[in-house]
Each structure stands twice: as structure tokens, then as C-alpha cells.
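First the structure, which I've put down as C-alpha cells, then a few questions once you've had a look.
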């Protein structure tokens, strides 16, 4: 509860400051790509007419599924690479080499393989995030203090129990930080993946307004996407606080 | 019971021992009741107290202490619960059970690690300076607790210490390690095992002998340069 | 290429210092066949003849072009009637100063089962929204007695993506400019008719009011050069200027030798009916006000 | 030297594996957006005709300047937020709120403020990376063991010396990890910023080939960008090994 | 010299002391040669040995030891270099100078921290169990070194220890801390300062007294529940 209030205060503060800066910029620069925030907020009700909920829902679904898939694939692979020398030898060069490949350039491929609906969109999010997850999990696995294993294994733990009691809790804090960064990446990639095959999504909303040169709507979309991003970030923070209390002591 | 100058490789030895066992490469054989089987943490219970305590930072003291039981899915009887509570009491950590390792003082962490090792009733016990961060009173109590528990199950024990008195009090067999590549400088069986500070001349002589061994190692080290 | 750039920079400096030298015109465009005469102005030395320094800015999407125009980085640009309506709506004073010649071909995928325009009802088509493609499609549908929502419109921003979807049977129909239309036809797509057959010429060239105010003479000369370039194109074998075509329109190399272009028109202002139809369409979509008039969006530089 | 050989082996391994996968995909799927790698490599000499060096140089310049600027701005702000409660109180909500704003949507604004040449491109890279740098520096500053300060300050160190001897070395390993992630982000953002106002850059090269439906050139561009990305990653790794040897012991 | 049961707040006291000083909130006054000035690390040299040693992990042992001199930009004379080399030798860390703290054993790290504190010739010395991880021989030598250095400059020293003997050997004034909120159980001036294990009856009595104080604290703790 306290946490929520604290985050609420941060939200309000940040929101006001940003808007102050925005207002200053719009007044000082006086160019029409930076409209006066007051004008923008006056138009706020239009986003409800535009059914912004549907857009938010569509984007969240894509991000959520992409993230979930990356975790389901990335965490086991990362753990495997952290523990098995053979797996690491084979997979490390592959991961290392694929990491900097710009996944967005693979759009034609994903589009043909998984269609132009959510399939290819989720695939792109997955491709971008999964490498980060794998590398981060592998690195944090290799940073686990060896005595943790000794102690647990000597108590009779089998592999599954070691992963449950040592590996997963140890990698969790870094994984959550990583998910936060990944979420940011996923949000900014929305512009790319919601530019085709859909009429819903926050990325689509902003792009549509942009193509109509409707800067008021565009800024409304940006405000909405920022608030949604903020809420996602805060959720991760709260989860981290709950399950990783030990790490922030 | 292993003695040795600082940095001579005692922790490394204990870690290797623990590592070898836990990686079950099976070089170490555990002899009990005339049957010799390769050591296996699945069958034998092995309790380890590393120099840095080795508590899992994401579990509270209580969860840490009970983890070995949970891993082995042991049924905890009424009397066992009493025994565990007694161990908590003797080590004076009842009030700390819900703290995380990061919230403990150096000595408290060590006591939690000792409790965890004792609670699991180990067949083999590896301890690296388990009493070093304790004040004298707590240390004496911990030593007594160790002897009590040792007498119940007589686990094979390897204990690293800096204190000659502790070695003579708790050790059946005392090994002094040299500085050069972990060789053994001196070995002796200890007749004073379990006796608190006897005043006999032989005891003092044994103490002197061990002291000399420690100094010799050091001299050896300095001249070997 | 680099040296070319530095030359251009030198030119800019010279215009600033001495009168009577080349005037800079910054033209924004997206690769298409419309742009061929413009590129030829530069290639055939017509720019020097009229003392113009034409700097082309190629954009990959209309949004980037819009942003650059907003930022005052462009004097003129190639676009369409709908875009100009939207600019006017966004208080960006731009005036249509000419029409350009680019055609759009309605294509059916080879396995879509469509062979004639009468069969397109209920089929899916990849387009971009609120653009001339959208507009042209609606006009073609109208001309064939269909409603705008008789086809399933799929928004796909990039033309190459639309092309791939069509070629791989992920979508039934496409309305494509050259060179994609030729490529699609080559891979088996079926031609259902083109925009010019319906008298639709929504592609235009335009300048900002500021540029018109400051560089009126240069713009007039620019269109003179444009007309000369068109004359040249219409009277010359394509092989001679194929390189410029490939550069301007983004044809793949392997199309070399197979490119076919229709006749280009010399510059003329778009028809009043055409513009008004576009304004009506755009205002129905809420892209501009219906009170926008022909005179507000068109300007005759030759006056 | 040994390091270089090691990285060379990883490179070759990764390269071969990726190409094997690619070849398999092209054979099994048989769609024209996945050309046979052999065909692509046959065309390899064309990239030199296309003066790929100029493209690489242009992109590296943009990435380099954007990164440099983010570090110059982000590291001091992060340190300030880590140490000064007041600065943190004011800046934290601002940063936290701005972090999820999709910076790519600000393209019209940046173009207006810094033109459509390298100015706006560098500004976008800067905007995307700087928040990551600030947050990561601030977090790692707050994770520094307090005894480090006690020991150093009691030895008479002033603020500058503490930053030099404690703060900077302590945050360096995480900062380098962060720069690696940022570089990846910057590389993938090239598609976005090199889509306008330039005829040079690896992003432009790929986009240009893509819009010409010249998949051979497009894949060549992707290969080049991946190799450049790989080299950047390896450079960071080698730097990290050199100056943070202590952290990997 | 501070004694006290494990977890009674000794480390916390030392940290607070160090923290207060280094945050220069000026509550602590340092009295020297009849002039009292607020303590200030810019003027006074303060050496701290925290319980976890507090070596900077990114500097080698040598860089760690010389950092205080570097920070104060002190000119290091020939004789000073000799002094430093002697400290290295006495603490037996010459061979470790180029290792990073992570490569050290527990005792080696402690010796490096002691060396760093001694090298800077501090005016005030705060030490939290500085000799706990050392073996007996090394510990005795370190204690002697401490006395030698203390006699040269006579810095004000706060030392936390678990060992009553150490307290009686090294302490001018001995304070026993209680478990409840860091109160002081017992204070005494120590007449045996600097004398190695005297055999007089009074010494043994003092030892007994301190032991009792420690036990009492514990009993008090247990009954206060």
C-alpha cells in the first residue's frame, strides 16, 4: 500500500515536471510540432472516443506474449549454458553472433512465416528480447557464489532442487532488471510492428495520428503509451520488492 | 582437525573436499560399520560450514536451517522439533529466525550456519573456522554443543581452526599444514579430546609442540624465498 | 559521391555570397517513377542551364517526409492530393504547383482466384491508410460500383512488404506503383486495371508558400526544366536514361532492359474536379475541413 | 593476443553455425525472402563496389557520437542522483517517467530542432541511450558498499578523489555491460534514423536494398552490420577484460 | 578496547563512529596537546579496519595500502619506504602485493587491511576484530606490531575484540557492551596494557571479572525475554 502511494507521488511529480518542460518548450520554441500541452489535454476525451482501451489491450497482449515466450525459451537456455560446458561451447558463439543482428530487418521473413497478424509481431518482440534474456541469465548464473551449490548439493539436493533453491532465486533480481529494460525496448518497437496488419495498438494509434499530421492525437498517444510504460515499470518494481526483498537490504 | 598458518590453503582444501564430494567423482570413500561406500550426498548427509558461512541470501535464517530437511523430504517428528528448537536456543538465534543473512552480524551468520549443519544430523561434517567470529562465551557454548551432537551420531568431521586450544579440545587427530603446496607438516592423535583445558604437563607440552610446528612453517616459508 | 556532396556545399556558399548564381531548391521525394523527370533535370545538365541547384532528399516513408517538411528542411516535394489536404489542415501552407505521372496498378495474386475486377468483393488488399493509395482504391471501387468496404483493407505501411505478401499469397490484392507492379506481374500477378485508366492522377508536385514567395522565378524555371526533361523522355529510347530510371524509381538491377514507361505529361495543374473530389474524400475521413477550396491548395507558378 | 584468438574462434564458430541454420532455412522453407546463403556470398564483392566503408563509417560516427554524448551527460547525472538526495528527489520522477516514452515518436521534434542531417540522428540515439545510462549508473552507485566510502574518506579523500578512486571503478563493470546493450539498441535504431536525410549508413544500405526488393544486397547489409556489431561487442569485452580484471576473478 | 557478545552492536558502533566522523557532522572532538578541534579527515588521519576489511576490490593489495598516501599526496621519503616495507614484512604480505582482494584468503585480506591502516600513521584508529581470522602466531606478531606503531605515534584507538586476553594485552581502557541497545555494562582502566600474559593473581582476577561481565550480559539477555 505504502509502495503504491510512493509510486503515485513519483508519478505525479514526474508527470508535472515533464509537462512543465513541455509547456516551456512549446512556449519558447513556438513551432507546431510541439503543441501547447494545454491544448492537448483539452482534447483528452477524444482518446476514449477512439476506444483507447482496445489499443492498449492489443499492444499489451503482443508485448506480454512476446515477453512470456522469451522467458520460457531464454531462461532454460541461459541456465543450460551457465551449467553445461558443452551447451555453452555450442550455443555461445551462436548467441554472441546473432545478438547484434538487427532483428527488425528480418520483418519480411517473420511476416511470411507467421503471417501479418500477431504471429509475426510477437516473433519480432521475441527475437529482440530473447537474446538479452539468455545472455543475462547465463551471466548471472556464472556469478553465483560456488559455496551456494556446495552447501545445497551436500545437503542432498538433486538438479531440480538446486535450480529451484539456488539458481532461480539468485538470478531473479537481475532478470527483473532485465525485463524492465526489455519492456522498454518492446514498447519502442511497437512503432515498427504495429505499422502493418493491424488497426489496433498504441503504436498504430500514434503512427496513424502522425500520418494524418494530427499532432494533438499523436501527443495524446505518446502520453498514453508513457503512462502504460510507467505502470509496467512500477509493476515490475513492486514484484521485485516482493520477491527479492533480500537483495535490497 | 586442521591447523595451519593463514593463507596456507586450508579453505582451499575444505572447498576441494566439498567440491569433490559434491561433484561425486567418488574419490573419497566413507567408512562406516565396516562397509565402505563411495561418498554420495544422496545417501550420506554432509554438512558444510564454509568460511563465509554459505547461507542462501534469499532465505531467512529459519528457511536456511530447515532447507536440508526440506530437500530430503524428511518427516519431522515432535522430538526432532524439540531438538531443533534446542539447537536454536543453544546458539542463541531464536530471535533471528526471520531475518535475512544480510541483516546478521558476522557472529550471528556463523551461528546460523552452525545450526544448519547440526540440524541435519550429518554423517560427514566439514567446518572452516566455524567459531572464529564468536565471542568467548558463545564460542565455548558452541563447542560444547558440537561435542554433544558429535557424541550422538559421531559424524566424521574435518574442522579447520586457528586456535591450538580448540584443536586440542575438539580434535581426535590433529594435522598441521605447511605453506608449500598444502603438504602435511605434522600429524598427531590427540589424547586430550573432549577435555577442557587440563593442567597436566603433557598437555602443555603438546600445545608447545603444535606452536612450534606453526612457527616452523612460517620460518620455512620465509627462508624458502 | 562524397566529392559530389562537397561540390554542392560549395554551391550553397556561392549562392549566399554572389547574386545571379544558382538558386537552391530542396526537393523531397519518395522513390517512384514520378521522380524520373526530376532526376533527369539534374542528370541532363538542365539544372545548370537554368542556374538551379537542386538537392534531392529521398525518404523511405511519407512520415519522414512530413517531418522534414514541418522542420522547414524542404522547399518542394513530390506527394499527392490527400497529403496536401492534410498539410493545409495542419496549418502548413503548401501549394500544388504541378502534376506528376506515376501510375498505380490494381493487381490480384496468382492464386487468389481473381481474374477480373468484378470478382474482388470480399477479397483482402494491402494498402497504406489515408494516402493516395487509399484514395485511388476508393475511386476505382466507386467506378466499378463497389463500396469502400467491399474489400478487406489491410494496412501495411511499406510497399515492399505489400509486394511480398501479394507474391506469397498472404493477401489477395494489391494496388501498387511501379516498379513493384512490373515485378508483381512478372511473378504471375494479374493486372486488373490501373488508376490512369480511370483518369486518376492524384500524384502532384508542390512547394511551400515560403519557397514560392522567395524563389518564384527559380520554381518557374524548375518546371521549364521539368517539361524539357519530359520531352526528352518521350522522344528518347529508354535505354539511354535507364540508369536515371533505376536510381529514381528504385528498380531492381535485374529489371534493366525490361522497364516500360508510359508517356509522361508536361507539367500541368491538376484538374479542379480531381482536387475537389480529393478534398471531399479527405474531409469525409476527417483529414481536412470540407471548406477547403481549389484555390487554397493550387498555385500557378507560370502566372 | 590470446583473447583475440579466442574471440576469433568464437566468431568463426558463430558465423558458420548461423550460416548453416540460414542455409537449412532457405532449403527447407524455400521462400524468396530467404535466399540461399551461397548465392549471397557469391555477390559479396558488390559491397565493395558500393563503398561499404563509407556506409560503415557514417553509421559508426552517428553511433559513436550518440554514445559519447549519452555517457558525458548520463554518468555525471547518474552519479549526482546516486549521491545527492535533493537531485534524486527532483530528477528521479522525471527520469522514471521519461524512460518509457517512445523516443522514436519524437522524430518530428528532433528533426525540427536539429535538422534532418546527423544532428537529429545523434539526438535520437542520445535520447534512447541516455536514460539507460542514468538509471544504470544511479543503481550501481547505490549498490556500492558503504565501507568503501568510509575507508577512503577517512583517509582524507575529497569528493573528487572519492569519485575517482571509488565511484568510477565500482560502476565501470556494469556501465560496460550497459554500453553493450546500448550499442545493440543503437545498431537496431539505425533503420529508423537512416531512413531519411542521408545516403550513407548501414541502415540506409539495408533499407535501400529492401525497398528495391534486392534481398541479396539486403542480406549482405545484414551480414555486414552483424559483423560490425560483433566487432563492437568484442571491443567492449576486451576493454572490460583490461580495466575490470578484478571483477571477473 | 570494546568487548561484547556477538550481535550486541559493536560493528554498528564502529560504523556509526566512522560514519559520523566522515560525514563531518562534528560531534566528536579529538583532543591532542591540550587543543580540542572537531575531528576532520582533512586534518586528522583516520585509519579504519572494518569487520569485512574494506579493501577496494579494484585495486591490488599494494595500491590499497598506498592509497591513503596517494590521496594526501604525501612525499614518501627513503626512510618511510623502509618503514612501509617493514610493515609488509612483519605482516607477511610481501608476496601478495600484486594480488586483488578477491584472490586473498580471509586472513590475508585482514593483514592487508591492517597494513593499510598502519602505513598511513593514523591519528585515530578504528579496528573491528582486526585479528580474528589470523592464526595464533601471526596474530601475536600483528599485536606486537600494533604496539610498536602505537608507541611511535600514540594514536587514539578504538578496537573491537572477542578475546579477553587481547583486550587485556592491548587495551588502555576496556569497555564491555550490553546487549540491550548498546549500553555500557562495564568500564575499567587496564593496568596490564602491553604486558604479555602476566601470571599475577590480579591479572587472573581481572580476566575472571571480564568473563563474568560477558556472561552476565548474556544471562540478562536471556531473562529479559
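Letters are used for the chains, namely A, B, C, D and E, taken in the order the chains are written, and counting of residues starts over at 1 for each.
Basically, contacts are C-beta pairs under 8 Å (C-beta built on N, C-alpha and C of every residue); 3 or more make two chains touch, one makes a residue touch a chain.
If you're wondering where the values come from, they're calculated on a predicted model, not measured in any experiment.
*Asks:* Counting one step per pair of touching chains, how far is subunit E from subunit A at the shortest?
*Replies:* The distance in steps between these two chains is 2.
*Asks:* When the C-alpha atoms of subunit A and subunit D are each averaged to a single point, how far apart are the two points in Å?
*Replies:* Each chain's C-alpha centroid was found; their separation is 18 Å.
*Asks:* Could you grab the centroid distance between subunit A and subunit B? Build each centroid from C-alpha atoms only and quote it in angstrom.
*Replies:* It comes to 47 Å between the two C-alpha centres.
*Asks:* Could you give the separation in Å between the centres of subunit C and subunit D, each centre being the mean of its C-alpha atoms?
*Replies:* Between these chains, centre-to-centre, one finds 36 Å.
*Asks:* What is the distance in Å between the mean C-alpha positions of subunit B and subunit C?
*Replies:* Computed value for the inter-centroid distance: 83 Å.
*Asks:* Going by the touch rule set out above, which residues of subunit A reach two or more other chains?
*Replies:* Expected reply: 31, 33, 108, 112, 210, 215.
*Asks:* I need the residues of subunit C touching at least two other chains; which ones are they?
*Replies:* 66-67, 70-71, 158, 160, 164, 168, in rising order.
*Asks:* Which of the chains are touching one another, listed as pairs?
*Replies:* All touching pairs, sorted by chain label, are A-B, A-C, A-D, B-E, C-D, D-E.
*Asks:* Mind pulling up the subunit D residues that touch subunit C in the complex?
*Replies:* 31-33, 51, 54, 107-108, 111-112, 115-116, 195-197, 199, 207-208, 210-214
*Asks:* Which residues, counting only subunit B, touch subunit A once they are in their complex?
*Replies:* Residues of subunit B touching subunit A: 15, 18-19, 21-22, 41-42, 45-48, 50, 52, 54, 56-59, 67-68, 71-72, 100-103, 120, 126.
*Asks:* Within the complex, which stretch of subunit E touches subunit B?
*Replies:* 3-7, 11, 51, 92, 96, 104-108, 111, 129, 132-139, 162-164, 211, 214-215, 218, 221-222
*Asks:* How about subunit A: which of its residues touch subunit B in the complex?
*Replies:* 145-158, 161, 165-166, 169-170, 172, 244-247, 249
*Asks:* Using the touch definition from the top, list the residues of subunit D that touch subunit A in their complex.
*Replies:* 9-15, 17-18, 29, 31, 33-34, 90, 92-106, 108-109, 112-113, 128, 132, 139, 177, 181, 183-185, 187-188, 190-192, 203, 206, 210, 215, 218, 221-222, 225-226, 228-230, 232-233
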